[in-house]
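I am attaching a structure below and will ask some questions about it afterwards.
Chain IDs A, B, C, D and E follow the sequence of writing; residue 1 opens each chain.
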Amino acid sequence: MQVNEYKPLIVAFCCNWCSYAGADLAGNNRLAYPADVKIIRVPCSCRVNPMFILRAFQRGADGVIICGCHPGDCHYTSGNYYTRRRMAALFSMLDFLGIERERTRVEWVSAAEGAKFAATMNDFVEKVTALGENKRLEDLRCKK
Amino acid sequence: MRKCSLDKLNLIFAEIAKDAALYLPADQTDGSAAYKKWEEGTALSDALNTVRSPKDFFFPQTEDLMKFKTQGKNIDIIDIRTALEDFVIFGVRACDVKSFDILDRVFLTEPVDSFYASRRSHGIIVSMACTRPSETCFCKTFSIDPANPAGDVSAWKSETEIFFEANTQKGEDFLNKISSLTEECDDTLVATQKEAINKIMDKLPLKNLDTSAFGGGKTNELFDSPAWAELSQSCLGCGTCTFVCPTCQCYDIKDFNTGNEVIRFRCWDSCMYSDFTKMAHGNNRLTQKERFRQRFMHKLVYYPENNDGLFSCVGCGRCLAKCPISMNIVKVMKKIGGNKSE
Amino acid sequence: MQRVGVFVCWCGSNIAGTVDVKAVAEALKSEPGVVFSTDYQYMCSQAGQDMIKNAVKEHNLTGIVVCSCSPRMHEATFRKTAAAAGLNPYMVEIANIREQCSWVHKDMLSGTEKAIILGKAAVAKVNLNAPLTPGESPVTKRALVIGGGIAGIQTALDIADAGFPVDIVEKKPTIGGKMAQLDKTFPTLDCAACILTPKMVDVAQNDKIRIFSYSEVTDVQGFVGNFDVTIKKNARYVKEDICTGCGACVDKCPMKRIPNEFNLGMDNRPAIYIPFAQAVPKVATIDPNACNMLKNGKCGLCAKVCTAGAIDYTQKDEYIEEKYGAIVVATGFNPISMDKFDEFAYSQSKDVITSLEFERLTNAAGPSAGKLLRPSDGEHPHTIVFVQCVGSRCESCAEKGKEYCSKICCMYTAKHAMLTRDKYPDTEVYVFYIDVRTPGKNFDEFYRRAVEEYGVKYVKGMVGKITPEGKKLKVQASDLLANKQLHIDADLVVLAAAIEPDKSARPLATMLTASMDTNDFFTEAHPKLRPVESPTAGVFLSGACQGPKDIPETVSQAGAAASKVIGLLAKDKLTGNPCVAGSNELICNGCSSCANVCPYGAISYEDKEFRMPDRTTKVRRIAVVNPAVCQGCGACTVTCPSGAMDLKGFANLQIMAEVDAICK
Amino acid sequence: MQKITREQLIEKASALLSNSTVSCVLGWGMGEFDYDVTPTTFNSVEELEKGFVFSDFCGANFSKYLVKKAAACEGKILVFLKPCDTYSFNQLLTEHRFDREKVYVVGIPCEGMADINKVKAICGEGILSIGSKGDKMTVTTLYDDEPVSIDAKEVLAERCLNCKSKKHVAFDELLGDEGDVIESNRFDEVARLEAMTPDERFAFWQNELSRCIRCNACRDACPACTCEKCVFDNPNSGVENKSPANSFEEKLFHIIRAYHVAGRCTDCGECSRVCPQNIPLHLLNRKFIKDINEFYGEYQAGAEEGQRAPLVDYTTEDLEPGEVFDRRDSDA
Amino acid sequence: MNNKYLQEEIVRISGVNVSKCMRCGKCSATCPAYDEMEYHPHQFVNMVENGEIEPLLNSESLYKCLSCFACIDRCPRGVQPAKVVEAVRLTAIRKQGNNHLKADDIPAIIDDETPQQLLVSAFRKYTK
C-alpha cells in the first residue's frame, strides 16, 4: 500500500497552431487528463530546443512530451519535419546514455484531435508513473 | 621510523578508515589513477601520480558557500557550513605536498578562507616517495626532493614493505593509531631507496631546467618579451593545464537558482578562459597571448614576488602530459628564460 | 524588474468551479515582480477590462498576467486592453486555466495547484517580456507574373483591372502558352484561339501591363512587398518597338527547314519567325542557332526586306532590374517525354503521337491545316487508338513517368475521340483507359456523349505493346471486362502523356525560396485554406505550376491569385508579426545553418566589420533576419549552435523561465 | 611508421615559401620530447629547418586553426592536412568559417598516428626517446637498459585503428600516394553499448563522465565547435556553466556538445585525443553519426563542401522519434 | 474458397504487394502467352489478393507463363505479376511433396554433366 501516491511532473510543449488548439479542444469537450501535465505554448514544435528538455528534467520533470502538427500540416510548412529529426536523434542519444526512453515522446496532435490529446496525455502519464521518479537526469540541488 | 609488510597494508587502511575518511590513488577503468575513497577492496595504485591533483581535497572544483531563500518578498541567508570529518590523504607525492604550501599562502593569509582552512585542518597528509619518476618530472627545479616528501607522515614503499616517518604532531598521532600494525625499524633500507631515487633524478631529461631568469622583480624584463606571442599562438584556450595543476587556485563565484532557493557556490576558473575575471568594463586581458602570459607570469614572477621567492609551480609534469597541443611551462621557461635555463 | 499585475478570471463557474481563484490570486502575489493580484467574475467583460486598465494606472504596472481561458480565445482582447491602458500589447501573458485546467480536471485541489503553477509560469515569462513593435515595410505597387500562358494572362488582366501595374515575363517569343496550341476546349468545344486570343490582345493593349517576351527571370532578391527582380531579355535581333509583324522577312528567309516548335516539330519554320498568326507581341524573332547571318555573317536578307528597319544583328541580351510588391508564378506544364516508353513505339513510328501533337494535327492553323492525316504518309487514318495514363499513375517508373494522375487527360481524350468521330464518321476510335475520371461541371455528360452519341469504343484496360508493321500499328491490349486480349491494327495511336511542371520551375523556386514537392510542383501555403499562396510571403501560385489543372480551374485559380495580389498591393505598408527571430551579431558564426532551415528565406548573410576587444578589426559573416519575411516559427533558433538566434516573444530565456516555474 | 618524411615536407614548404605562393606555414613544432609536438606557424625556411618535425605523434587536426590563422596571415597560409583533417576542412568551409582563397592545402598521406598513452602503457614512464623505423618503434626509457622495440600498430590511436578514410577530400596539392575511403569498424563500440541494457549503459556513462573536469579541451580542440561564443560560456544563454557541480551537469554538457555538432562532426576524434581524463567522447559523436546513417541514409560530414547537414534537412518520409526504438528492438 | 494461409504464403514467397495493383491490365495486355491461359496475369494478382488460390493451383495457366517478365517490366505500379505466378507454381510444387531441397542434398546431385546453373536455379526454386 502506498501512502503517498507518486505524482509525476510532465512538461508538454505544444505548438500554437495544432496541438495547443487540440489541448483547448480537449478542454472544450471536458476530456479529462491528469493535472500533472503542464503545457508550455511554443509557436511551433521546432522551437523546442533540446536544452529545454534537459532543463525540464534537471528541474524535476519526470517526463517531457512535444506535440506538434501532423507532418505535412505544419503551419510553417516544415517545422515539424525538423522536430522529427532533432528529437529522433536526441531521444536516441538519451537512450544511449541509459535514460529511460519512455520519459520522452513526440506526438502529432491536430487542432481537431482533442480526444487524441487527452488520450495521449493519459497514456503518457501512465507510462511515466510506471517508471517512477526521474533519477537519471535529475539535479539533486533542485529537489525540494 | 616504523614499517610494515605490504601484505598488511590493507589492514592499515581498514584501521585508518575506522575514524577518518581515507583517500588514496586507485586505478580507474581508463588506466589512469585518481584519488578514491577507500573501501574494502580498494587497492593503492602503482601509478606515479593521479591525473587530478589532490588540491581537490582542500579546494574542490565546486563548493557551495551559502544559500538564499525568498519568503514572499524577504530574503533569508542560510549558512550551510557544517562540521567536517577528519580525512586522510594517503600516497601524496612530494610535488603535490609542496603544492599545499603554495595554496596555503593564498587561502590562509588574511583574510583567511574559512572553507579552505576548515578542510585543511581536518586533513592528514601521508606522502609517498617517488621511486620511478617520469621524464616529465622537474620538481627538483623547485627544490623539491621526491625522495623526502613532506606531509604529516612520509612514507616509502619498497617491493615488500612500507616505511613511515611522522613529521608533525598530527603525523605522530596518526602513526600511533596504527602502531599495532607496524613495527619500529631503522632507516637503512629507506636510505638506499633515497640514494637510488637521487641517481634517477640525475638522469631526468629536465634536470637542468633552472629558474634563475624568473622570480620577483622580473616583470618589466619579461612582460614584453616577443616570445609570448609565439608560445601562445596555438593555445586553444581550454582549461586543461589549470585544472590538472596542483597550484592553480583561481575560482569564480556563481549563483545557481534551483527554483526554490539560490545556491551561491564557487568553482574553479581558468585564466586561460576568455571571460576570466571579466568585469563591468569588460575583459582586462583581451587576447589569448595575454591570458597565456598571465598564467606563466603568475607562476614564475608575480607569485614569487609576493611570496618570498616561492614559485607557484611544483614540477609535477601534469600539464606536460595533458596539454592538447603540448605547450607547457617547461617550454615557456626555456624560451622566455633564454639560454640561461639550458 | 517588471511591475506585474495578475488578474484571475472566474469565467463564472467555468473556472471558479474547479479552481479556487482567490487562492490563485493570493499565491501569485508573492511571485517575483508581482505588485498587484486580484480576481474577477469575467475578466473579458468591459468591467473586467476596465479593472485591468485602472490597475495599470494605479500600480504603475509594466506587465500583465491574465489567468483565464485560452490565449487563442482572448489574448487579442487583453492585448488591446493593455494598449488602451498605455502598455505595449506584448507585455501581456495569458495563463490558460480554463481549457487546459478547470475544464479537464475535476478535483479542486489539484486544479487550484495547477492553476497556480500555470500562473507562476506566466509571471516568470512576463518578467522577461520586452515591448515589441511590429515592423513595417512599404509595398511596391507593381506585380510580376512569371509565365504568359492562360494562367499568367488571366492573373495579369485581373490585377491590371484593379489598377495596379503588372509585368509578364514569358520565355517564349509570344504569350499564349499551351492553350494557344490547342484546337478546341472541353466541355463546350469552343475553339481555344477564339477565347484566348482576345485575352492576349487585351493584355497587349492594357497600358498597365508590360510584356517581357523571350525573357527570363534570372535573380530575385528582397521580400514581400519589396522584391528586386532581374529580368533577362534575350536578344531576338529584331527591334520590338519597330517591327510591325508584317512577315516579309519570314517569307524571304532562305533558312526554311527549322523544325517548328509551335507545331511540335511536325512542320518547319524559317530562321526568322513569328510563332503563329495571333502572336503577342506580333514581332519576328531570329533563331540565332539557325540564322546564317548570325552564325557566319553571310546573308542579311531579312534586313534588306524589312522596310521598317527593325532587324538588328548586333542586339545583345539585356538585363532589366525592376521592383515588385508581389510575384505570381504561372510557369505551367509540359507533357513528359515519350522517348523511354518503348512499348508504345513512339520513337519508332511517326504515327504514334502525343495528344498535344494531335491537337496541332486537328488545328486549322496546324501542319495539316486541320485535316487529320497520318504524319508518316499523309493518308487518312481509319482506325485510331487512344491510350490514356501514359506515364501517369506510374509508381514503378520514376525514371520515365509520374506517380500522380495528370487529371486533364480523361477529358481531352474524350474530346479528341468525339471530334474525330464527328468529323470523320468512317473512323473507328478506341480509347483504352484504367479509370475514367471526369468530375466537374458537365464533364461526365461530355464523356458519356462520346460513348453514347459518337460511338467511341471505350475499353477498360491498358495497351501492352504497339508494334509498327508495314503501314499499320499492331496494338496489343487487354479488355479486362471481356477478359480477352485485343489485337487491333491501328493507323494512328495517340498517347495521353502525363504532364509535368515546366523545367524552369525548379531554379525559379530556388530563387524565390518557395518550396516545391518532390514532383517539382510548387507547394501551397495551406493545401485547403491557402491554395494560391506559396509559403513564401508575397509569392503566389497560378495554374498548373501548383498541380495538374484544366483551363476552367486554371482561370479560377488565376483570378484567386490575382485577388490575393490585389489585397497585398492595396496596402501602403505591411505590418509584420513582431514575434520574429533575430540574430545577435556578436556571437553569430555565419555558418548558414539557420538559413538552411528557414522555410521563408528570411535569413540572409552579410560581411560585417567588428572591432575586436584588442582594438583590431575583423570582418565576419553574420546572419541577418528580415522581419518582414520571418513568420516566427523558431526553427532557426534551435539549429543555431551558439544561441545567437533567438525568437522575440518566445525567447530561450522566457521558455526556460516557464520550464523552471513549472518544475519548481 | 609515416611514409612521408620531415625532409619532404620541409622541401615542399620551402619551395612554396620561396616562390611566394604562401607567406607562412602551419606545421608541427618540435617539443621537449619526441612525442610532445606543438602546432606552430613557421614564417621562413630557417624556422622550418630549426623547428619543424613530422613523426607518428603529429595527430593534431589543423583545420580549426584556419578560422583564426587564415585571416591573420598576410598572404596565403600553407597547411598540411592528413586525410581525416580534410573532412573538417570542408565542413568548416561549408560553414563559411574561413576564406578558402587564403589557404594553400598540401594533402599528406597518413599511416595512422600513435597514442603516447599506449606507448607508456607498454614501456612505462620515463620515456627518453622514441624512434621509428618501418613498422617498429624503438623506445628508450630511464628504466630499461636496452631500447624497447614495439610494434607501431600496437600503439595506434583508437581513431586511427578505426580510420575511415585515407583519401583527401580537399587539397591544392598532394604529396605521396592518395588512398581511399576505408570500410572501418568504427561503429562497433557504439553497437556494443547499444546492445547493453539501459542500466548497463547508464552505469557505463556515469563512470566515464564522472571523470570529466570540464576543462573544455574536447570543445576547444573540436573543429566543429568554432562558435564565436559557446552557450556554456555565455552568461546570457541561460545555461552558462563553468564546472560540473554534479552528474546532471556532466551529462548536460556532453549531450549538448555532441548534439550541437551532430551532422557536422566529421568523426576526426580530436575530442577523445585531447581529453585529459581519457573519456571516450567520440562515442557520443559516433552515436549521432551512426543514427543519422541509419535513419536518414549514409552521410559523411565534410565529404564535400556545401553539403546540407542531415539535421538541417528532412524528407516527408522520415521515421518518427518513437520508431527509433521500435526499429532497434526489431533488429535485436 | 478463400485460403488465407496459401494467400499469405504466396505473398511471402513472391515478396509482392498485390494490393498495389490498380487493375489497369497492362500485364495481360503485354503477355505473349495470354491466349494460352485460362487465368491471365492480372487475374493472378487479383485472385491472390482475394485469396482465391485453389483455382489457380489447379489451372494449366500456371505452366503457360513463359517467365518472360514483360509484365514485370511494364507494370506501372511495380506489382511484378510474374513473381506471383512463380509463387503459385512453387506452392503447387510444395503440395506435391517435392518441396525443399537442402544444401546437404546438393553433393549427391553434382556430377560433371549437370550444369552448375541448373543446380543454382533448382536451389533457388526449391528452397524458398
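Quick notes on this one:
Please note the rule applied: contacts are C-beta pairs under 8 Å (C-beta built on N, C-alpha and C of every residue); 3 or more make two chains touch, one makes a residue touch a chain.
Just so it is clear, the model here is predicted, and its values are computed rather than measured.
Contacts with chain B and chain E are shared by C.
In this assembly, the chain whose C-alpha centre lies farthest from chain D is E. Should one ask which of A-B and C-E has more C-beta pairs in contact, the pair is C-E. For this pair, chain B with chain C, the centres built from the Cα atoms lie 68 Å apart. Chain A and chain D, compared by their mean Cα positions, are separated by 37 Å. Each chain gets one centre point, the mean of its Cα atoms, and the points for chain D and chain E are 54 Å apart. Counting partners per residue, chain D has 231, 238-239, 245, 311-313, 316 as the residues that reach two or more other chains.
Those residues of chain C in touch with two or more other chains are numbered 597, 639, 652, 656, 660, 663-664.
Not a single residue position of chain E touches two or more of the other chains. A complete list of chain pairs in contact reads A-B, A-C, A-D, B-C, B-D, C-D, C-E. By the touch criterion given at the top, residues 20, 22-31, 34-35, 40, 42-43, 70, 74-79 of chain E touch chain C in their complex. On the side of chain D, the complex with chain A involves touching residues 190, 193-194, 198-206, 231, 238-239, 245-246, 248-249, 251-252, 255-256, 258-259, 262, 284, 287-288, 291-292, 295-296, 310-316, 318-325. On chain D, the positions that touch chain C within their shared complex are 71, 94-97, 225-231, 234, 236-239, 260-261, 308-309, 311-313, 316. By the touch criterion stated above, chain B contacts chain A in their complex at residues 256, 258-260, 263.
Across the interface of their complex, chain D is touched by residues 50-51, 54-55, 57-58, 71-72, 78, 81-82, 84-101, 104-106, 136-141 of chain A.
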